[in-house]
Structure formats: C-alpha cells, structure tokens
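These notes open a run of structures that come right after.
Same chain, two partners: chain A is paired with chain B first, then with chain C.
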Partner chain A sequence: MTSNFRSLPVIALLTILSLPLVVMYAFTLVDSITDAEPGSLIPSEFTFHHWRFLWDDTTGRGSVWIATINTFIFAGSTAAIVCATSLTSAYALSRLNFPARRFFLAGVIILHAFPTITLIIAIFLILQFLGLFDTLIGVIMVKAALELPFGIWVMKGFYDTVPWEIEMAGVQDGASRFMVWRKLVLPQVQPGLSALLIFSFLSGWSEFILPLVLAPGSDAQVLSTYLAYFLLDDSLEVDFNLFKSVGLFYALPVILIYLAFQKKLMNIYGGGSKG
Partner chain B sequence: MPRFNALGFGFLAPAMIVVTLFFLAPVILTVFFAFTNMSTSTGITGGEYLLTQSDLRGLKSSELSDSTYETLENSGYLIDEAGLARLAETRDQATADELARLHAGAQFDSRRDMERALKDLRDNRIRSTRDRKALAELFKTSVMDDRFQTRDEFVTALSAAGVPDADQKILVKEAYTGWVWTTENMKLLFSLDSSWRYAMNTLFYVVLTLSFNVGFGLFLAISTFYLPPTIANTFRTIWFLPRILPPVLYVLMWYWLTWDTGIISSFMSLFGMAPRNWMLDTATNAWIVVILINGFVGASLGMILFSSAIKTIPASMLYASEVDGANRWQQIRYIILPQLRWPILFTSSYQTLSLLTSFEYILLATDGGPGGATEVWALAAYHTALNNYGGNLQYGLGAAYALVLVVIGIVTSFLYLRFFNFKDLVAKPRIEQ
Partner chain C sequence: MQLRLNSFTKTFDNLTVIDELNLTVESGEMMALLGPSGCGKSTTLFTICGIHRMNGGTLHFGDRDVSNLPSQKRNVGVVFQNYALYPHMNIRENIAFPLRVQKLDNATITRKVGEIAELVHIPELLDRRPAQLSGGQQQRVALARALVRQPDVLLLDEPLANLDAKLRLEMRSEIRRIQLETGITAILVTHDQVEAMSMCDRIALMKDGKIIQLSEPDQMYNDPVDTFVAGFLGNPPISFLDATVADGQFRVGDSGIAISDALQPKVHGQVQLGIRPEYFGPQFGIGLTGKISFVETQGREDLYNVTLPNGSILRSIQPAGRRLKLGETVNWGIASDHALAFTPEGTRI
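And now, the complex of A and B:
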C-alpha cells in the first residue's frame, strides 16, 4: 500500500493507549524478582524472596505444588474428555446418516451460543445431590460438559473440510465407515484436533468460577482459586510482589503455550467463548 | 443400513450423556429451583419435622384452636405406665418400680424437674448426669423441640399428645423444615427495589462495555492493518494477551494498577496526592475500572475477528480506491467498514449475551462494590445463591435470578440458529449408508 498517510501519529497514539498494559506486563515481570524502596517504583535490589511460596507454605492455603498438580489434572482431563467426545460426535454430525440428525445439530448450535455460567446454581445443587461437590472429578465433568458443544462445533468445522472423495474411495475398497473414519479421516483432522486440545487445556487452566463455586475446599483447589485467595481475602497483608510471583508461576504454562502455538491459537480464539 | 445408524448413535452417545447430565438437566432444574424456597436452612434433600416455640408463637393468632395451643405449650413430662415400661426396658424393673412408688402420675413442666425426680431414687441410684438426662427423655410427652424424620412419626406424636386431627395439618406444615414449592421468588423478583437496580446496572454495563469493545476493537484492527507488519504484530500481541492470560492474574494486574499501594497512587504521590484506592473509592471509578477490565478483553476479541475480516478484502479493491484518489479515511469509511458489517454484527450479538451473563471479572475486581454500585444481575444471582455475607444461601431466589438469564440465553440462542445459515450446516451426507 502506498503511504498517503504518516504512520507515526498512529503509532504514537497506539503506544499511549497500550501503555497501561505494557506497564502492567513489565512490572509483573520485574517486581517478581526485585525489591524496591517503599514508595518508589524503581527496583533497588535483586531477590528470589518473592518466590518463597514455592518451598514453604507461608500463605496458609496449602502447598502450591498440590494446587499445581490439581490444575494439571483438571485442565488435562477436561481437554482429553472434550477432545475424545467431540472427535466422535462431530464426525457423526458431519458425515453420518441417522434419524434426527438435524435436531442434534440444532441442539449443538444452541448449546454453543448458550451462556453456560447461568447454570452454575443448578449445577452446584446437582453436584451436592450426586455427592461430587468439592471433588476434582465433579468440576472436571462439569467443565468438560460445558466446553463440549464448542468442541463439537469446532471439530465439525474441520470434518466438513475433509473431501468426500477420500471416504468414498475407502468405502469403495470395502472398508467399513468406522474403518474409514479411523484410517482415512482422522489423519485429515489432526491439526484441528491439536488446536482444540490446546484451546481446551488453556481454557481449563484459566477456569476460575467453576472451581471457586464447585470445589471451594483446599484439597481440590487449583491455581486460579489459590491465587484468587490472595485477592479476595481482606485479612491478608497486601504484598504485590508475592502476588505477582504466584501469578507469574500460574501463567507460565499459558505463556509458553502461547509462544509455541501463536498462529493456531489466533485462529481458534476468534471463535472462542469468553468475554 | 441399521449398522450405520448404530455407529452414528454410538459416536454421539458419550457427548449426549455428558451434555444431558451437566447441561440440559441444569437448565430444567434451574426452572424447578426457581419455584422453591430452597436455602441453606431448608437444605436441599428433604426436611424433618421440628416444632419450636417460635413456630407456635407465629401460629397463635391464626387458625390453631386455643385448646391445642394450650396442650402443646403445657405438656412436658409425665410419669405414666408407658414411660415406666420404657424405663424398665432401658434400665431395669427395680428402678421403674421405685420411681412408680415415689412419683407415679406426677407431671413436670421442665426437664430439670423431671431429672430431679430421677435424682430422688435412693435404692437404685442413677449416678451420671448424662444418664439422667437420657432417661428423662423417656417420659417426655411434648412434641415440641423434637425432631421427627417422617410425617407419619410426627402425626403419631401429635395424636399421642392429644392434638385434634383438625389442627394437625397446619402444625405439620409449620413444623416442616425442608423446602417447599412456592411462587414467592417470582413476586420478590419484580417487587424488590434492588432487582430493578441490578437490571439498570446490567443495562448500563452491557451498553458501555459493548460500545467500548466494538469501537476500540475496530480502532485496533484498522490501525494495525495499515502499520508495517513487525510493529503491527507487536501491538496485536500486547492486546491479545489480556484475552489469553488467566482472568485472576489479569485482574491482579489491575489491582496493582489501581489500589492505594499500586502504581497510580505511587505516581500521584509524587505530586503530593494522598494514596487512594482508585478502583473502589467512588462508584464512578469502580464503573470505569470494571468497563476497562472487560473492555480490554472484549476489544482483544474484536481485534482478532475484525483483523481477519479485513485481511479477506481483496487488495486490488484497496489499490483501485487509491488510484481513484481516496485518502485513508475515505478508504476506511467506504471500503473497509462496509465489509466489516457482518463481523461487527456477530461480535455485538455474541458479546451482548456473554456480557449479560458473565460476572467473572466484576466478581474478581469490585465484587459488586462499592456499596452495590457495580452489582449486575448475574453477580446478584451468584451472591444470592452461592456467596453472601449473611450466610443463609437462598438457592431458590438465586435460581429465580438465573432463570431470567437462562430464558434470555435460550431465546438469543434460537435467534442465532436463524442467523447461521442452517441449511448449509445440515447438508445431507453424500454416502448413503
């Protein structure tokens, strides 16, 4: 494009607008490993003191490592359940002939758009009935269920792009539809599957409301509730350097995954489901 | 042919089970719960029958007959045949005989008097206080302050205490501690001042945040479109991060920005301003922060969607407009914006629903404060049913709040169904089997 405008003013404007965010990011990094004089913003010394939560439990909220393991289990199992179930059901919706197919498809679209968070009260009571309240497995099931319509929707999109000719050739050669799906179609949607896997893992990793409401105890706590405890408990002394270090520790996998899969994420987040 | 039907259903089955249990069931149950008075005090499973003094006091003036009231009020402990038989069974015949000799037919108003009577026993001393307490219960004739597991047990006890059948029904109703069906929640919903305030707050919040999201998202998408790729990508990364960072960490950063020990206060103190909590000190500030927190995340989504939509505009169109002498502003106004009509519509409708119902960021940031100024509808539902300072969580009323959102959600989702080109989505499978 020819330059019939000067980009400098635009860049300046964008820089000013981005400043709050950049300052937030930068100081989160800097403050977690430095100390500053009281009232001053310029760091004066280098320290690992703010990461002490990693080796001793100064927070009174249990070990951060248990929360970390819980978060991995939570995000990992949710992602696995979402991927496995949407892999099969999306194929059925995309390619298989069965009665009431239109009905199921409409159901998926409606559920996909439906604001799931409004169901939290009923889910809370259901888990109480089932005896799954305050357990990791309960939260995992709920999170997977709420994420599933989105997963099916995305996978259906990927299945739709697989050429029919591949399947027809397979059927022609005498393979069953199941065989065709396993041997011919699955490899075709592999990129979509990994994108969905990453997305649902990140979504589980960041989830806050569900663990907060459905697993409030310290046994099943995940990193989001562990960190939120610092913010929401008024009796705690405000130590932003410590909070930021915990936050950074929590966000580390997210940042790493983002750096590794930037392109993939940009695409799938376009259709994502939050704010 | 049937085999492939089986395959289709088999493939769908796991998803259907999970979705039914944790998705459809909650939708239906929200409706049910909205018409109950469930709360922490009623419990969620079932209730017991427990008649207390305060229950009685509430009833005195109404339907209950005076004689029944008298009976319930005054009956206490009676040493009768049945009670002595129970005593003989739990302890021994000798004790029962001695008590019969001393106090047969005696009536006591309080348990203390009854225990004293048991203390009088000389030949068969009951030494531990705990035992006396337990044995005193054997002679209890009152149904007051006693827990009955089932309705039948309670009715039997009432009859035994001499309450006429006519009065039993109302006592049963009053004594039940479990939840019951009621339409009270719906009436409350429309009569409470606070629910109108929540509705207005929600409207205010959704309109302002949505305008910010779309407006700022457009600005980011268009301005980065014209910048050299490296600079554009830097800015896009900066603005993409709020969306991908965990909400708790993102809000933590805002705390640090706005709190009295945070950076704005520190910076302002250089100019002699006293530190203050910029997030919570006034309602206006709280709203600004809430809208910016949500707005940055929303603008992030807008930016991604609009950027990819702009990329699909054929470059030749843009070149042609430049040859015709269009400047940047005209190019944006007459070429880019018309192309973005659908993405803007989609983003707006999608985010309206999501802003209406999500409360994650407000909960973390202001928790509805200061003084309920930023309490939106969804947050009110959460506070009523799942987390309030009073401690009595009103599941029923909370579900009624949620039900309003569920209905809006269902209606909007059906509208989406019309928006999406449904015919294309359900194109018939081309392999007949």
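And now, the complex of A and C:
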C-alpha cells in the first residue's frame, strides 16, 4: 500500500505529460471511423468510408495489400539478414583474435554513429550502377547494411557476457568449436537474438527515407511511402481522415508486436542472459 | 596415467612466462602446483589441457605424445575456478554433455551419469539447474562432468577459491576422496599452501615460471631449499633472523643460540636463521629476550610476536591461556634442532 501511495505523484505527472499523445491517438482512431461537420471536433456520423483504401485503389498507386506484402518482405528480410550476419560476426569480434580486430570494432562504432542521409546520393548511384534501383532487393540490402553496425554491437554485448570458461569447458568435453557455439553459447545469447530480430523488423517496418529515395516507383513501394503519397501528391484531393485510417493500418502490426514481445525487447537494453 | 612435461616453454608476445619447465606426475598421483599470483600455474595447467599452445618442449600422457593435439583429442578433465557449468542445461544434461559429444546411446549415458552422481554424492540434484545449487554443489557437478568420460588426467584450477571457509574444508577432503576412489592422475593449482599440503601427494612450488622445489608436503615444510619455500609454507609463517656464527653459537645481538650438531660443520660467518613459530617459546628454555609486540587469540592457540632489541620479529605459537600482555618482556628459547640456516642470499645451508 505504502509504495503505491508514494508512486502516486509520479503516476500523476506521467499521466499529465502523456495526455496530449493519448488524446491525439484517440482522435486518430475516432476520426478514422466517423465524419464531422467542417470546423467541429465532435463527430456527427459513423462511417467506414475512410477505410475504403482497403478495397479500392484510391491513389492510383496500386493496392494497399501489395504495399503491405512488400513491407513484410522488406522488414522480414532486413531482420533476417541483420540477425544472421550479426550473430556470426559479433561472435568473431567478441571471441576470436584475428588481424585488424580493433580496426573492425572501431569501424562498427563509427558506422553506427554515421547519419544515413549523408550516404544517400552515393548509395543511389551505386544502386543505379548495379541495376538495383527501384527494386525491393536493393532497398533491403541497403537497409540491412545500415542496420548491421547496431546489430553487431548489440550481439557482441551479449556474447561478451558469456563466460570464456564455458566455451573452454565445452572444448575440454570434446566438442568442436562449432558445436560449442551452437549448443553452449547460442542458447545464452538467444534473448538478445530475439530482441534484435524484433527490433530490426520494426526498424524496417518504419523505414521511410530509403524506400522513398531508392524505390520511388509503385511496384516496390512499402506502406510508409504509400502513406506519404497522400500528403506529397498535390493532385489528390486531401482527405485527412483517410490519411489517419491508413496511418492506423500501418501502425497496427507495430502495436501488436510491441504488445506481444515487450518483455523480449527490454532485453536489448538489459544486455545478457540470466539463469 | 603418467604425465610428463619436458623442457616446456611458454611465451606471451615477447614475455617468457615459463622457461624450460620439467614436471612428471606419476600415475594416480595428485600433484599440487603451488605458488604466488602470476607465477605461471594457470598457464601450465591450460597448456596441459590444450587451451594454450606450447612454444617449446613436449607433453606426454603415458607413452602418447600429445604436444600438438587439440584439446578435444587429449582426454583431459578440467574443473574451472568458477565451475563453468552450462546455465541453460539441468545438472543431468550438464554431466551428460561430454558423453553426448561422443554420441553414446541413451542407456549408457543414463547409467554413467547415475554412477558418477553417486560418486560425488549428488544423485538428488540431477533435475535442478546450476543456478539453483550452492557453491559446493556446483563444485561437485563440475567434478562429475570432468570425470564422467574417464579422462587420463584431471586438472583443477583453484577449485576451492570461490567457496566459504567451512565448505572449503569439506570439499578439500571430498576432492581428495574422489581422486583416490577413481585413482586418477590429478594436478591441483592453488596459491593456498594449506590446500596443497592437505590434499596432495607431492607439491611443486613455483616462482616466476620455474619450479623451485618439488617434494612431499612434510618434507617441503621441514626441509625447504631456500627462504622463499620456507616462507611460503606454514601459517603463521616462519620468521627470519640475521645472525653471525661465533664461539660455536649463532649470535643475535647479545644473545646466543646453540647450533645443532648437524649444522655445526657447515655454518660460518653471516647466516639467516629461519625459526618456525612452534619452535620458539618458554618450553624451550631461555635464550632470546624481547618484548611482546602483538597478540592474536585463535581459540585453541595464541600467537605472539616478540620484537628483539635489534628490531627483528620472532613469532611464537602457544597453547591458549598464558595471557601475556602487550609490551611484556619475555626470555624464551629456541628448539635449535629445528632452526633452519640459510646463506644471506637465501639458499639453504
């Protein structure tokens, strides 16, 4: 009881501070299924009209379902590439003594801190040269490459917490280095891996700049660019409630993933496995 | 199985940590590698199990030359200081891991795990996780895992360092019992002389990457080759006195100490006398005058420091109950048969 009373002021403060956000989200939800008189905040009629993008091509840019599938492919492949590469390279950086290891470590940190946008022209030219401009594969590769430093760094942190003696004990027990990694080390960094998987999926899901610049066509568009199109294209009649509905549709998977995996996501900040 | 290290040399970068070390551990023997921190005990141990490569020399298990074999092919069981149990497996799987690697069938694995669990007294813990065990129990599991595939040699790196005093006492005799019951050749790395003396058949005392003396515990205690060995063994430690040989006596300031018959022909000039605390006290008559400068009550015994007029300190251990006070002047004798004489450089005379 006492501890509840003591946290009451904190809860009150947090409530007040987050109230504007909550109100905005609430209105997004309400507006997406209602219509209001011009200039009024109070909705006057209930309608599914703003969700028409689900069955009509309202933009002339193709179906929202294609964009959704593209987004899943984009975010999923990015996450898969980032995880597979981080898992192996972070192990090498954490455990193996190879030439120029320090150089790689420093490089990873610098790349992690590097603003993406400064690279965009160079990447654009390279993709065009490779013939990967305006393709999903091209954006996936770029996105994965840019996410990698973070992934490697996080996974290295997890590997570093696995005691060296555990691996040595495994080797003494007769297991090969690969088997030691697979059977003894991997289970211990698994929480980090799940967190990284979700994290990079979400990062891919919300990526906007890269698809916008590198895949502007409608074939490879993802939900973020699909959504932005409502604002960017002057020829379309502005329908803010439609925009809000698409936004909700876009955010839904993110909310679901957070709800389902919030515990695992916390791991990435805690670092390391316990028990 | 006999273990033989021959002129083993190990360098890290350009630093020679072990230089031309020879060591033979007989079959079924338990050998202690004892020495101060940084003397190369762990390095030697990790070389024997194959974690470190040798820069020179050879290593034989029996007739087999294993110098260039990887760890996996050496058949060595290792117990690490922090036990290194696999946290995500229960105890049964932990112990079974070395057997799973060998792809034995389930029936054999179950039988062997059961047997070894009996040996180390943990059959009731098999379904727990390492995090649910006490330090002593984890230690037993680590032993079981190291022993389950019947290694040629068992290596223990400071196995008792992480235990509290009471458990340490218990595990000391447990490890020895298990070693004797299995008859395995074992090497115990420790910097605790009590551990080495109480658990092992022989002790190799190391310093700066060299073995200074290799002998049985009581011999090393009573017959050290130099002041380093004499000072390393014994608790409370031996005390050293500078003395001159004159008139058939060791002269310390104004007082004289008799020279034993065995030492009489060998000593002359300046010497260092090593006197263990149990050989200095009133029960040996009178001889040296000094002031009591420190009293420590240990229950059964009392430990006194006596400062002589020339400033050197002698330690004495006495049965409890004498109740001598700090600052009191005493005149105690020395058991001259047990006084050890060293040259001023520290070599035993």
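Following the convention adopted for this analysis, the second predicted complex is superposed on the first by the 242 of 275 C-alpha atoms of A that agree within 3 Å, B and C clash if a C-alpha of one lies under 4 Å from a C-alpha of the other, contacts with A are read in each partner's own complex, and residues count from 1 in each chain.
Simple rule for what comes next: contacts are C-beta pairs under 8 Å (C-beta built on N, C-alpha and C of every residue); 3 or more make two chains touch, one makes a residue touch a chain.
This is a predicted model, so every value here is computed, not measured.
Asks: After the overlay on chain A, what do you see for chain B versus chain C, clash or fit?
Replies: Here chain B and chain C can both sit on chain A without a clash.
Asks: With both complexes overlaid on chain A, does A:187 touch chain B (first), chain C (second), both or neither?
Replies: A:187 sits against chain C, while chain B stays out of touch.
Asks: Just chain B (first), just chain C (second), both, or neither: which does A:67 touch?
Replies: Neither partner.
Asks: Looking at A:122, would you say it contacts chain B, chain C, both, or neither? Reply first, second, both or neither.
Replies: A:122 sits against chain B, while chain C stays out of touch.
Asks: Of chain B and chain C, which one touches more of chain A's residues?
Replies: After superposition, B is the partner touching more of chain A.
Asks: Using the superposition on chain A described above, determine whether A:169 touches chain B (first), chain C (second), both, or neither.
Replies: In the superposed model, A:169 contacts chain C only, not chain B.
Asks: Identify the partner contact of A:179: answer first if only chain B is touched, second if only chain C is, both if each is, neither if none is.
Replies: So A:179 only meets chain C here.
Asks: Once chain A of both complexes is superposed, is A:195 in touch with chain B (first), chain C (second), both, or neither?
Replies: Touch status of A:195: no partner.
Asks: Quick check for you: in the superposed arrangement, does A:101 touch first (chain B), second (chain C), both or neither?
Replies: The first partner, chain B, only.
Asks: Considering only C-alpha atoms, give the closest distance between chain B and chain C in the superposition, rounded to the nearest Å.
Replies: Least C-alpha distance: 5 Å.
Asks: Shared contact residues on chain A, chain B side and chain C side combined as an intersection?
Replies: In the superposed arrangement, which is not itself an observed complex, chain A uses residues 168, 171, 273, 275 for both chain B and chain C.
Asks: Quick check on the complex: what are the chain B residues that touch chain A?
Replies: Chain B reaches chain A through residues 4-5, 7-12, 14-16, 18-19, 21-23, 25-27, 29-30, 33, 38, 44-45, 220, 223-224, 226-228, 231, 235, 238-249, 251-257, 259, 261-263, 266-267, 269, 294, 296-298, 301, 304-305, 308, 318-319, 322, 327-328, 350-351, 353-361, 363-364, 367, 378, 381-382, 385-387, 395, 398-399, 402, 405-406, 409-410, 412-414, 416-417, 420, 422, 425-426, 428-433.
Asks: For the complex, which residues does chain C have touching chain A?
Replies: Residues in contact with chain A: 49-51, 71-72, 76-78, 80-82, 84, 86-88, 97-98, 101-102, 129, 131, 145-146, 149.
Asks: Under the touch definition given earlier, write down the residues of chain A that touch chain C in their complex.
Replies: Per the stated touch rule, the residues are 163, 165-166, 168-176, 179, 183-184, 187-188, 273, 275.
Asks: Looking at the complex, which residues from chain A come into contact with chain B?
Replies: That would be residues 1-2, 4-5, 7, 10-11, 13-14, 18, 20-25, 27-28, 39-41, 81, 84-86, 88-89, 91-93, 95-99, 101-102, 104-106, 109-111, 113-126, 128-129, 141-142, 144-146, 148-149, 152, 164, 167-168, 171, 177-178, 202, 205-206, 208-209, 213, 223-224, 227-228, 230-232, 238, 240, 243-244, 247-248, 250-251, 254, 258, 265-266, 269-270, 272-275 of chain A.
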